[in-house]
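In structure tokens below, several structures.
You will see two complexes here that share subunit A, one where it goes with subunit B and one where it goes with subunit C.
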Partner chain A sequence: MSKKGVRIVAAFLVIMMMAGCGDERILERLGFIESQSFDLLPNGKLRITCSIPIADPQSEQNRKVIAIDAESSKDAKLEFNKKTSLTLVSGQLRNLLISKSVAEQGLWDKFDTFGRDPAISPQVNISIVNGNAGHLLEKDYKQHPPTDKYVNRLLGKEARAHTIPKMTLYEFSRDLLDDGIDSIAPIIKEEEDNITLDGIGLFMESKYVTKIDTEEAIILGFLRGNLQRSAIDVELKKGQQVMFNSLTSKRKVKVEHADTERAKVAIHVHLKGSILEYTGPLKLDNPSNRREIAKTVSEHLTERANKMVKFMQKHQVDSLGIGQYVRNSLSHNEWQSMNWRDVYSKADIKCYVHIKIRNIGKSS
Partner chain B sequence: MRNKLSFFHTTIMIYMFQSGVVILSMPHILAYYFGTNGWLAVILISLIVNVNIGFIFLVYRLGKGRSVFEILEQSVSKVILFPLYIALAILWTVLGSLVSKDYVHIFQLFSFPNTPPMLLTVLMGLLALMLLVKGIFVIERAATIFFWLIIWMLLLLFAFSYDFEWVRLTPFVFKEGDNFLLGGLNLLKGFLGYELSLFLFPYSDKRTKLIQAVIIANVMITLVYFITCFIAYGFYSLNQLKGVLYPVIDMMSYIKFPFVQRVENLFYGFFMFTNLFSTVAYVWAAKEACQRVFKKVKPGILAVVLIIIGFSAIAIPDVTGEVREWLAFLGFFEIGVAFILPVLLILVLITQRIMGGAR
Partner chain C sequence: MIKGILSGNVALFHESDTYIVDVYGPAARAIEQSQTETVITGPHDAFTEQANSNLSLIRERLKSSHLKVIKLEVGEVAKSNAYILYIKDIANMDYVNELASRIKAMEIDTVYDTNMLIQCIDDNPSSIFPQFISTERPDTAVSKLSDGKVLCFLDGSPSIVSVPASFFEFFTSSDDYYQRWAIGSATRLLRLVAFIITITFTAVYVSITTFHYEMIPEHLLLSLTESRNRVPFPPLYEALLMETTIELLREAGARLPTKIGQTIGIVGGIVIGQSAVQAGFTSNILVIAVASSAIASFVVPNYVMSASIRLVRFGLIILAGLLGNFGLAAGIAAVVIHLSGLTSLGSSYLSPVAPFHSSDWKDVFIRAPFSLFTRRPSQSKSPNKIRNKMRK
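Right, the complex of A and B next:
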């Protein structure tokens, strides 16, 4: 290319590059919404609170909290913008905190924008708040990191330990839109100086129905899928406790019989873990004692698992996804003509938990 | 330097011609039109494409590697052929330019949403032009470089395997879908690009192993589509897949860091390379056709004129919906061309043989 040609192309390129300046985003003038909470007001409107971290080192506050009343989450962003000098963006949104009263009314129709807005990541955490979600988000917890990060880290850490399910927009909508499983979401609540877990919320379609206590969350975890690096504490009798860590689990769902009216399902869970603590009379270095402990723990966990399944059947929520396996054992026509929720509530579902002791730690 | 295409580079170039942004929405298209286990349709369509490649092979064999233009011009009057060339050139130029605009529209969902899309599209046109003026041998080598810049992204798919569950695949085949025919045609558009190998005949010799290269490129694109769609089906539930327009972009959002998320939007930039080559491929084919009509015009000038025509035409559809409608319409036309042109050429060649034999 001649020199003149190069100059023309270079000039053209510069002009084209400058086109990008029309869409500039200056970091200091942006407000990255990190958490958003939703509460139901007595007049049926939503109180939406958002928390925006402030990066300015000269500012005394480390975040800004804005609350507004709106009909839906769609109206909220425009209203938020009216209350701040920053341009609000949702690309770094991490947490959606939804109060139980909002969840009871159903999540999906209200939150259409979260699925549609390309700026919002499908990896945003969803959690239900027992109590006032706005208040939980607004409050600063002295001994902890800023509330957004506190919630985010708490949920992330607990999900990794499987004490609560990892529940993001992607996972919630995946289970919501699947015809063989119901969604679940962790519940948190505000305490005086802390935020704490308050169980696992069970959903029918997108509506919150009931919850499972935090102590039972691990049972839900291994009945719902395969676990790794988990821990469980089992009280065999009064004063006799055994704690397993490095727990791994494998779940197998066996549909023994299914037609359009009835279903018989067995859930086999195989656990493997190391004993970290045991407060009982037996000596652990004896293999037969170890087998006995494993047997007792297995029976104990089986009982708790069966109780949980009965509880779910009573509320007609298939949070374990048994419907997926029943669906896959039937023909497409049979599945379509079956009212799974009805069949599920009457189905014969049995759990069998088998635990193996991997090791007993350093001492006998 | 050899003045014929090399086997390796040609394979990669055809792969790059074929691949584009369709992959981002392909699992959605499959779920919508084919329903359960729609990923199986990728294999079916790939087989159909292979039959089409078989026809191209016959043209190559019967024509003894002669240019398709020469074959046609030997038997058909130029009065009929030249308008046909011009019509094909217009189809390819507009189609190629539209592919760029489609990319820009998706790009703007994530970045530069308020910049006029035509500005970014013209920038793409400029890049395409830079390749076009250099000719097919440079395009071929550039394709290989860009191929390595993008193919590593396939490894990212394994990051999603943690949330993959077989149970979500279901044992049902093609249930709860909408329209297989329309779905098949939409899917076929994702494979287009191979048919342009018809115009590579004069640039190939025995060592190019052109048809083998086309087949391998098609196997490569089939594998990429197959793996992506299969993983998407185990990652998403069916109805979720029907609702998410660009499931592959959403899958990439899995990659996040404690300090920043949404880095997948950066990855989307890499798709520009594959898209650029789809544009280059079609405008190059258009240029080849025009060259037969305007023999005295320099190839570089023709490329500039075609890019100007193409990018002026695509200024008309200005919202994503309209771009998609145009793309669907012209894409179906191109499918017609891909299947009819080789058959037409075979008929011409057989006639030439019979006539030659009679003589």
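Right, the complex of A and C next:
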């Protein structure tokens, strides 16, 4: 055999022998951590719970839940591994459930590994749990899919409808590390038989500060960005409801004045939607009545939007990202020298919401 | 004179003259349908083992005085006749001369078939891939001639080879031209998809189940793990086992008469499709992967190319099982590098992708309307680049 032939055979043999010692992760020998929850213990340690689906059709349970007290997430993974026959891996992680108490202490330091570990997808959903996160994850909700999938689909579906923001590891860390915007995250809580949305948490840096209610979430939605295929329900007076769907929105932020001390900002939101329900006295087929309703709804929404901005200013959280627009209108030096949080809390921010009725549905 | 007698002629001696009379009429197969290259619409006749009848099949379709035939002798012992066909002023004479000189330079006792002949004269004898395309269909042969290609065939073989060939030519069928152009284009794209499926599907399964669990979608994860749970082998061995079984079935089916072939199909379908999964021998998703890549491999119209691709697939499966997606990517890269290095009669095998000739693409990746076929393929380096013209 020629010298080249010998080399090829040798290389082939080496490859064949290497087969046994690669970092193989054969599917059925793995335990996929699908959800992980974090609670704060009185002694300052974390209680970490993880849920692993079981792929055995004969098994009665469809998942396995393990809880452990540990210093950090990776520390916990080593401990988890001691308790199972499977190699635990986090590449299929879908949900991070963080209890409010942990979130109040700040997420970034403790969760360093989620930004660092290449196995963890940036598409992992982050949600804050009002109450005990471990308990929420441990519990089986009889009328619903397995808890991991339940949470995952709940958040995904609601984010598509814009009732909550889509908040994955990617979006959270982007808002966190960017100048002039603060992160937000959906809050969920456990009920008797269900898991339900409990508002949207506002963060200052990586620390949870306060929340806004679920009813106001859509307002936050259109103040924060452009929406598509959304819906909104407005109560004009007692017993007078208007519901819009196929709602699209466009946000325009105008910085009217900005220096290192003061800022004046106007947020214009243009909504367009179809009326799906209206329980009021006016006849909708009359164009002037329609204009009337649009005007009332616009005023109503403007008021709610202004209230929300005031609330955020009070807590000094710039969850709408107004700082980004102010930053763009200033020079880099000016922006660096200004204390945006102070300026923000005193800034003159006005919201203007305009709604346009696209159509009034099939019957009139 | 002796040569004449050896060729089956009768020698007639009259006084001092000798006449050689051609009364040779050997037993021959009738012109039938091609078994290997069937089409749905279009002509159904195919070449036979008789060189004269093959020539007449081509002449019938190409009544041009420019069609030229060179007759050569091949094989030191057998002295078979090889014919080179080309259209003068359309074919590039460099190719014709190169082909003729290669055939003359062959040193071999006997050649039995054109497919054997081309292996003796191709540019890279040790490559897996065929570098000349052979066909049994006269209509394909004629279309190659008018593309400016050179044909070559051997007396006693029903295949005609067209040179130079490009890799993508192996994925075309004359049926593409007989369908409406949109359907023809869709079929061509489908074949390229089939090519990708057949070389990668099983390999991707192996690589994902062995290394890259992160890539599995949420909904597939559990069913995949469930079906893998009962299998005692690692995915690599599981896949090789199934692929070998399919190859066994195919080979058995190819060598048996049609009636027994059906039995093989049923036995294979039931034993492998169902029992293997039920017995926990393989996972059902692997069966899907193996079956679809086997089916996809038969979509490739050229049998020689289809066999080459299937062999390449085994290499990729092994690489995927050992090194995961990295191995798979490296393997595909190696195949692409190899393909780019190949030549067919000195011209690039990957033409018209490399060298890049986008104007040829409308007859490679899709089958555009005929009105757009205004130029002959760049690979044939024809002196008459524009079609429908015979310029001096």
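As a working rule, the second predicted complex is superposed on the first by the 344 of 364 C-alpha atoms of A that agree within 3 Å, B and C clash if a C-alpha of one lies under 4 Å from a C-alpha of the other, contacts with A are read in each partner's own complex, and residues count from 1 in each chain.
Going forward, a residue touches a chain if its C-beta (ideal position, glycine included) is under 8 Å from a C-beta of that chain, and two chains touch if they have at least 3 such contacts.
Quick caveat: nothing in here was measured; it's all calculated off a predicted structure.
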First, second, both or neither for A:115, with subunit B first and subunit C second: first
Partner chain in contact with A:328 - subunit B first, subunit C second, else both or neither: first
Partner chain in contact with A:91 - subunit B first, subunit C second, else both or neither: both
First, second, both or neither for A:106, with subunit B first and subunit C second: neither
Subunit B versus subunit C as contact partner of A:26, first or second or both or neither: second
Which of subunit B and subunit C A:57 touches, first, second, both or neither: second
Set intersection of subunit A contacts, subunit C complex versus subunit B complex: 16, 19, 22-23, 91-92, 94, 119, 121
Subunit A-facing residues of subunit B, complex: 36, 109-110, 112-116, 119-120, 122-123, 126, 163, 167-168, 170-172, 175, 236-240, 243-244, 250, 253-254, 256, 260-262
Subunit A residues touching subunit B - in the complex, by the definition given at the top: 12-13, 16, 19-20, 22-23, 91-92, 94, 115, 118-119, 121-123, 170-171, 173-175, 177-180, 321, 324-325, 327-328, 332
Parts of subunit C lying in touch with subunit A, wherever the complex brings them together: 208-214, 216, 218, 221-222, 224-226, 228-229, 231, 234-236, 321-324
Subunit C contact footprint on subunit A (complex, rising order): 15-16, 18-19, 22-28, 30, 32, 53, 55-57, 89, 91-92, 94, 119, 121, 149, 152
